[in-house]
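See below for the structure under consideration.
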Amino acid sequence: MDKTIGSAAEAVSGIENGMTIMIGGFGGSGAPIELIHALIDKGVKNLTVINNNAGNGRIGIAAMIDAGMVKKMICSFPRSSDPRAFTDRYLAGEIELELVPQGTLAERIRAGGAGIPAFYTPTAYGTELANGKPIAEFDGRHYVQERWLKADVAIVKAHLADTYGNLTYNKAGRNFNPLMCMAATRTIAQVSKIVSAGGIDPEHVVTPGIFVDGVVEIPNPQQEEELIRAGVAYA
Amino acid sequence: MDKTIGSAAEAVSGIENGMTIMIGGFGGSGAPIELIHALIDKGVKNLTVINNNAGNGRIGIAAMIDAGMVKKMICSFPRSSDPRAFTDRYLAGEIELELVPQGTLAERIRAGGAGIPAFYTPTAYGTELANGKPIAEFDGRHYVQERWLKADVAIVKAHLADTYGNLTYNKAGRNFNPLMCMAATRTIAQVSKIVSAGGIDPEHVVTPGIFVDGVVEIPNPQQEEELIRAGVAYA
Amino acid sequence: MTVDAQPINTRDDIKLSNAQIAWRAAQDIADGAYVNLGIGFPEMVARYQPPGRQAIFHTENGILNFGEAPPPGEEDWDLINAGKKAVTLKPGAAFFHHADSFAMVRGGHLDVAILGAYQVAQNGDLANWRVGAKGVPAVGGAMDLVHGAKQVCVITEHVTKDGKPKLVEACTFPLTGVGCITRVYTSHAVIDIQDDRFVLREKLAAMSLEELQAMTGARLHLDGSVADLVVPQL
Amino acid sequence: MTVDAQPINTRDDIKLSNAQIAWRAAQDIADGAYVNLGIGFPEMVARYQPPGRQAIFHTENGILNFGEAPPPGEEDWDLINAGKKAVTLKPGAAFFHHADSFAMVRGGHLDVAILGAYQVAQNGDLANWRVGAKGVPAVGGAMDLVHGAKQVCVITEHVTKDGKPKLVEACTFPLTGVGCITRVYTSHAVIDIQDDRFVLREKLAAMSLEELQAMTGARLHLDGSVADLVVPQL
């Protein structure tokens, strides 16, 4: 068994129109830029994209939005240093937004991965983001019922992978990536290096390979922040 | 800030009669034998103990039960190679048992640590272990509502700690320990070695120090399985 | 129809051994499958992986890709399986805590779970955790394992030691899970559970369908031909 | 009562700077406290930890014990805080994923969270995420952070730029959380929220209670003496 995939293009080849896609990263930290750009090259449409943010500048998720690929964003913070791509489409009514508090977003994704269809959280109780959601009282306090989030595909960025798909991450680039690995029918990770089975200490594995379907080596991945400062646009 | 505690006796000094105590470990793997025995030396009573099991032989949790310290066990599997301590008291009606499926037990503890008062799981639906619990249907399937578990104190076993309470574990000795660290008002870890802050790679921390209140160094911890094979009784 | 003074379930010439049942179950596990084997008898399945295929075994106490027991005296008692037996690691193993471990189970990430049974009902209900209200109840991970794996299979004797059916219309023992079992490997047959019915896939050639039906507590349905259940000497 | 042609909130001699508000908030953070500082103004609190005390800062994107920004050109853009600014690590840091990070928040493991505000109501309600229905809404971690920390504090100007009260009887902007704020550090006072009331603890000596009340949108209650709000030049 070897989960290695030869190229980013091959890695995203199974992503089809209308799918729900989880994309890892928090802003540019841990964002799988090369897989996103391969998906733009493939050119699918009507995607629902789950990410903490909604793109920045003219690259990554912002470039997906610019290319008209995104029907709906599920995120906590659709702002950035250069949020034009999302903002323009949103204000024009051309893209849907499901705004989710950041911790609830993380927990809903984990719940999707863990087979928990719903849970209760104090977050958003009494606010407009709880509108229409069931409320329950436990031990004298009110909580909002939130549902799991799942996806057809997750594309994530990790640091090392072994051929079994065990993953480690780079610093705070971890963020949503391990959760999204759990919550998608098919999970593809771009990594800086693929090592043989046994090349990662079992104690240091962050995402066990059972959550990962394919790994593709991108030796020197681009950082969103650096691309934005360089004024790069992907189209 | 230094979370080091000088002795096992001092580590358990805050545990009082009637408290709910989480004790880490799966069988003997990852079981904090020295902290348990220090608690026996202290001699508190009417404890509710949360552990996957209910003791083995005449040491550890079994010795706590033998000493009449345990009012109630919350566990998934109160059997072992030598389950006399629990079995005798249970059949005599001298100890309460709340039997919880293992995955539900783990998730209830995590929920306690994560501020999730209740969640839904397919586990135990349609069985006697779901009796009296709310049932809900999501996407055409039935689920059982389960509540969080919290404790006054957690005593756990880890491998390394730094002075800030960041922890690593030894192999499958991890099990319930990281979850219990999250779910107790006060968490004490016995570790094989305490290193200075910076002595554990931030990428390799399994339990961040925010979940840990005190660490005590027990350089060559005993293993329950070896003690049982040697016929040791702690009293 | 074969007629014999001795009941068929007690005739070793018309019955698979536990090892043979485990062997048969192992043949259906694909290369690269993630598999959880219940404590005890199901653990035997790991011995019979077909050549060229490698399954990755999960134990609910927090290991993926563990292997055989170490030589006596070389045990690390922090490195055990769910049955509390010492194990070893294979290359590419990973450790994780109990909540992540049961996320794998409950979240549908395992390909196959193989469990023992007291009773399996034709609607897929399983009873395998206790036989009555006496004694100390203990459930472990059984109620979790029956949910989530893509295939949840049972390996079992076809009947109890005293000849009573274990495949039944409805379980009489306390349930472990409802509608959760998809395939049963017995000492005499391989049976799928589909649409609340037992569908016979394979049976030992030495016995007739009628003989098998007589040992079974619910109707066996056919869906196409029934293959011979062929297993090597082990 | 001081009477002056110029409204008090525009007089720099009777008003703390943002740095001074941050300084005052920092004095209440105990040694060893786990603290989350909201994006922007609250981040300033980290600069003013009293000597001999060390707080451990949490950022919701998965770091405990991060420190100052690195020198320009030495950024690792995988090592950022919740405001997407590059940071460094202190010894004893730890990384974790977002679900674990918000377990720390929601689970009550933080000692202090310090946030900005558009409005704080006397019952502890906070509005700090949007001012109306226009534009693109963005909430981030604000609605999570207001739950779980043992102390959830606000630092803020006492009034808006055009002189309207930010401490009010009831919020008119969309809520971030209900009944969640326990203490407010403003440009003019330190105020606790207890039993649905603003309780004045400290005020600038240069202004009277009446002047402060006039700038405040709900009644200020007293519970014992009011201390002078004393802050160094910064």
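We call the chains A, B, C and D, going by the order they appear; numbering starts again at 1 in every chain.
Throughout what follows, a residue touches a chain if its C-beta (ideal position, glycine included) is under 8 Å from a C-beta of that chain, and two chains touch if they have at least 3 such contacts.
Heads up on the chains, UniProt names are A, B = 3-oxoacid CoA-transferase subunit A; C, D = CoA transferase subunit B.
Just so it is clear, the model here is predicted, and its values are computed rather than measured.
Colleague: Identify the chains in contact with chain A as well as chain D, in label order.
Modeller: A chain counts here if it touches both chain A and chain D, which gives B.
Colleague: On a C-alpha centroid basis, what's the spacing between chain A and chain C, in Å?
Modeller: Each chain reduced to its C-alpha mean, chain A and chain C end up 37 Å apart.
Colleague: Could you put a whole-Å number on the gap between the CA centroids of chain C and chain D?
Modeller: The answer is 58 Å.
Colleague: How many angstrom lie between the centres of chain A and chain B, each centre taken as the mean Cα position?
Modeller: Between these chains, centre-to-centre, one finds 34 Å.
Colleague: Specify, in ascending order, the residues of chain D that touch 2 or more different other chains.
Modeller: Within chain D, residues 63, 95-96, 99, 102, 105-106, 147-148 contact more than one other chain.
Colleague: Of all the residues in chain B, which ones touch at least 2 other chains?
Modeller: 107, 110, 114-116, 121-122, 169, 171, 202-203
Colleague: Can you name every chain pair that touches?
Modeller: Every pair of chains in contact is listed here: A-B, A-C, A-D, B-C, B-D.
Colleague: Using the touch definition up top, name the residues of chain A that touch chain D in the complex.
Modeller: Against chain D, the touching part of chain A is residues 26-30, 52, 76-81, 83, 86-87, 90-91, 97, 99-107, 109-110, 121-129, 169-179, 206, 223-226.
Colleague: Which of the residues in chain B end up touching chain D in this complex?
Modeller: Interface residues on the chain B side: 1, 110, 112-116, 162-164, 166, 182, 196-198, 202-203, 205, 208-211.
Colleague: Quick one: in the complex, what on chain D touches chain A?
Modeller: 59-63, 75-80, 84, 95-99, 101-102, 105-106, 125, 135-144, 147-148, 174-178
Colleague: Can you check the complex and tell me which residues of chain C touch chain A?
Modeller: It is residues 31-32, 34, 54, 56, 58, 63-65, 89-96, 99-100, 102-110, 147-148 of chain C that touch chain A.
Colleague: Write out the stretch or stretches of chain B touching chain A in their complex.
Modeller: Of all residues in chain B, those touching chain A are 107, 111, 114-122, 136, 138-139, 141, 143, 147, 168-169, 171, 202-204.
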